[in-house]
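Naming follows writing order (A, B and C), and every chain is counted from residue 1.
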């Protein structure tokens, strides 16, 4: 009997969309092959528009609510363990590796969910300045973050390129190449988790098609790259970024509190104390 | 003139099912206690019988502590990630059964359903969510690897926010790796016992959470038990001092959250209408049964008459009545005992020379009730200006300069909280710097959040609950 | 200075004094308004509230496409809101543009329903004073019982409070015995402090009512704005002895929201204000929802709009 095969699309602004170019590329997995969107420059532009709006909403949501939304994401993934396992296996993992990978992914989501209403207590502070002034440094999320997935057939490492900016309030555009299927499947669980539209957008494609555009796009505030890219490309990205003083981080730490610091801007406020 | 009155809008009790008699929750299940002494627990708004609870004796306390010790071994060997998930699970269960808990809380304790539904229960869930998120990242909190849990913690909680006080105690204790023996107040044990159900439902390992009922004698037995590693107490300053004394010479951790007589300072440049709201909220929320209640109104003399006129008018709209009526603002006083205490102090206030204003309202026939009360023309020496009344009674004192406000505010052995009302930012900061209080609210009052540390200076206790600082109440540095 | 209607107005110096005390904390205010929205109004108290709302409605049509036919239909509905339930009273007033006042007046006949007209170049008010006076005179000559004017927001936001005050004073003079409602247009004023100041200026200049909005902006009335205005009215009363009315208009779509306004007025101002003489709703779709709710309470079943005649 012929099966109904799933079509994977990009996930932008809370909706599933094809590339406006109409183009796709083929991903061959062990048991099957899929046509996935070949994201174009215009798709990037649309994703950024959506992410800007998503950032406005997501950054205003209370830390407590962020915790609950992130925790719900872990509930969704827990419920879909089987489908992720099958996908990871067809991507080349053993059943055991797949199982461990998903457990790690869930563990990390729970860790970051619980960080959403705490990181500010650890990263911000009152400064003991000289004089009758109240002086406090607190952190704000930087804005729209473009994130290049490590693409190693792993749900955990996909999440490790998303959770850090997301937890502190940035909106994220997550881009995958060879491991797009996992990412586009993950979009379904995002969709079920009460994230505001545009706070997390998922795209598939080939990085060489879009790196120029993303490094030049002024409204992308930060680009974080979790997979190895050739030096010439990285250099070009960094050069383009300098035009708008965009932040570029290459292979950032994914561990502990320092993993969220690059996605924050520190604001220090002074106020006199007197009658 | 039209006289539009609100009809009754009663929250149904059907959602709650109360047993005739309760056992203690020890080692993961409800068990027959050793003690044969039971007392009745009643609804303070109608005086009707609700259930019987046991007054646990020495054997019961010992069983509970032993269970907590065994629980500690299990809990120590549970990974931080797993502990986190248990607490998240409890948080979710609380959310699911919120309405049931809220109705039970109002029935057993007397507070309006509006408050138990909209304040107590959401805060309870939030506390479990918040501390669930610390369980797997304690090393992040103070960067000190040497911080370790105490072990078995004895927790004694009061009757004013029964389930919320349980959450403030249990959630951080578990998140930091401790196990607990908790004794709820004898007039409000039912929500704690229902919480025990949730522990079973969530599969919390046996012995990690132990809930035993009892009165002051039971509390004393817990405090004096040789295998208790730490005591966390919320209640009156008088009892707090007794506990502190009992622990002298023993290596037992202690945090105390005691009474208060908070000053709510209203400067002449305050936003007056909002200040009136804040003052009303400060003292009439939860019938004034709040340790951090703004029970002393410190009013700048230049705005005294205007403010008092508005305040009295606003007080008149407070609705006193059936706690299960959704439109009730002020519920029942928790017990006959407490009602008598309030009446006694109010009588003293009148005989000392204070001018009394009480709202006109019809009080129900049965139950324990007190009308919202305001005193003006009060001198700082009157007992109503110095002693904690713990009821819906506000005492007014005047000041002329900011410096004087500070002096009057700090002129008390208590130091739990304080309020500041002014539209001038620098004055808020100047005043906050000088107030001897663990929590300062500016242009607001009675705001709580699991992320915000709460606790007092001086005889209002020591140690903090909530926030990064609250974790330290349950961790000790390994020497 | 007292004018013919017994409404008091303050001179400019006294008005300026009033404006000094305009400190408002928006967070505290929002919390209070939200807590009032939590009141649970059921059964008899709900039916009473719904009936009160009907009697407080100013049924309104203010469109370029209004015709004599349209207004006639609306007047019929204003007089008998639900022909299948004659227990339901007439509304307080109909509110129309000046050119429709005479036909409204004719169709009203002997009914207690008043005819209110908007004027002063409603809704923007962006014309010279002469035009505003002309507009108003015309409406009064056509037979209007009540006049709804807009304050000069241009002058207000430029800081020229004197001009705002003088204009209202002049328009009140033209009105004479005719009842004057002054529209603040809270959507243009934005902050609570501005709303308070505009309220006080309008009160001091002799308005019979102050009104939240024209209904022509996307931001219409809000309970927060109503609260600010209520406080201003009470403060004015304690100085002048006069009770001025409040009208809320723009965006009040359903009975539930309208009931929340009544709760706010009752608890913040007292039962004295629960009368069409001192509180009004500017309404179009609100009335139908209220009629639906009344029928539901009386029959126990949810209703559809097609049971009720169009107005």
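One rule holds for everything that comes next: contacts are C-beta pairs under 8 Å (C-beta built on N, C-alpha and C of every residue); 3 or more make two chains touch, one makes a residue touch a chain.
In this text the structure is predicted, and so the values were computed from the model without any measurement.
Engineer: Everything stays put except that subunit B is ignored; which chain groups still touch one another?
Structural biologist: A | C
Engineer: Measuring centre to centre, with centres taken as mean CA positions, what chain is farthest from subunit B?
Structural biologist: With centres defined by C-alpha atoms, farthest from subunit B sits C.
Engineer: Per-chain C-alpha centres versus the global one: which chain is nearest?
Structural biologist: B
Engineer: What's the distance between the Cα centroids of subunit B and subunit C, rounded to whole Å?
Structural biologist: Using C-alpha averages as centres, the distance is 45 Å.
Engineer: If you average the CA atoms of subunit A and of subunit B, how far apart do the two points sit, in angstrom?
Structural biologist: Taking the mean C-alpha position of each chain, the two centres sit 41 Å apart.
Engineer: Taking the mean of the CA coordinates per chain, how far is subunit A from subunit C in Å?
Structural biologist: Computed value for the inter-centroid distance: 50 Å.
Engineer: In the complex formed with subunit A, which residues of subunit B make contact?
Structural biologist: 81, 84-85, 88, 126, 129-130, 132-137, 140-141, 402, 425-427, 429-430, 433, 450-451, 467-468
Engineer: For subunit C, which residues count as touching subunit B in their complex?
Structural biologist: Residue list for subunit C touching subunit B: 21, 23-25, 27-29, 31-32, 38-46, 48-49, 52, 231, 262, 266-267, 271-272, 274-275.
Engineer: Which residues of subunit A touch subunit B once you look at their complex with the stated criterion?
Structural biologist: Where subunit A meets subunit B, its residues are 63-64, 67-68, 71, 107, 110-111, 113-118, 121-122, 134, 256-257, 271-275.
Engineer: Quick check on the complex: what are the subunit B residues that touch subunit C?
Structural biologist: 1-9, 114, 118, 269-274, 277-278, 317, 326-327, 423, 443-444
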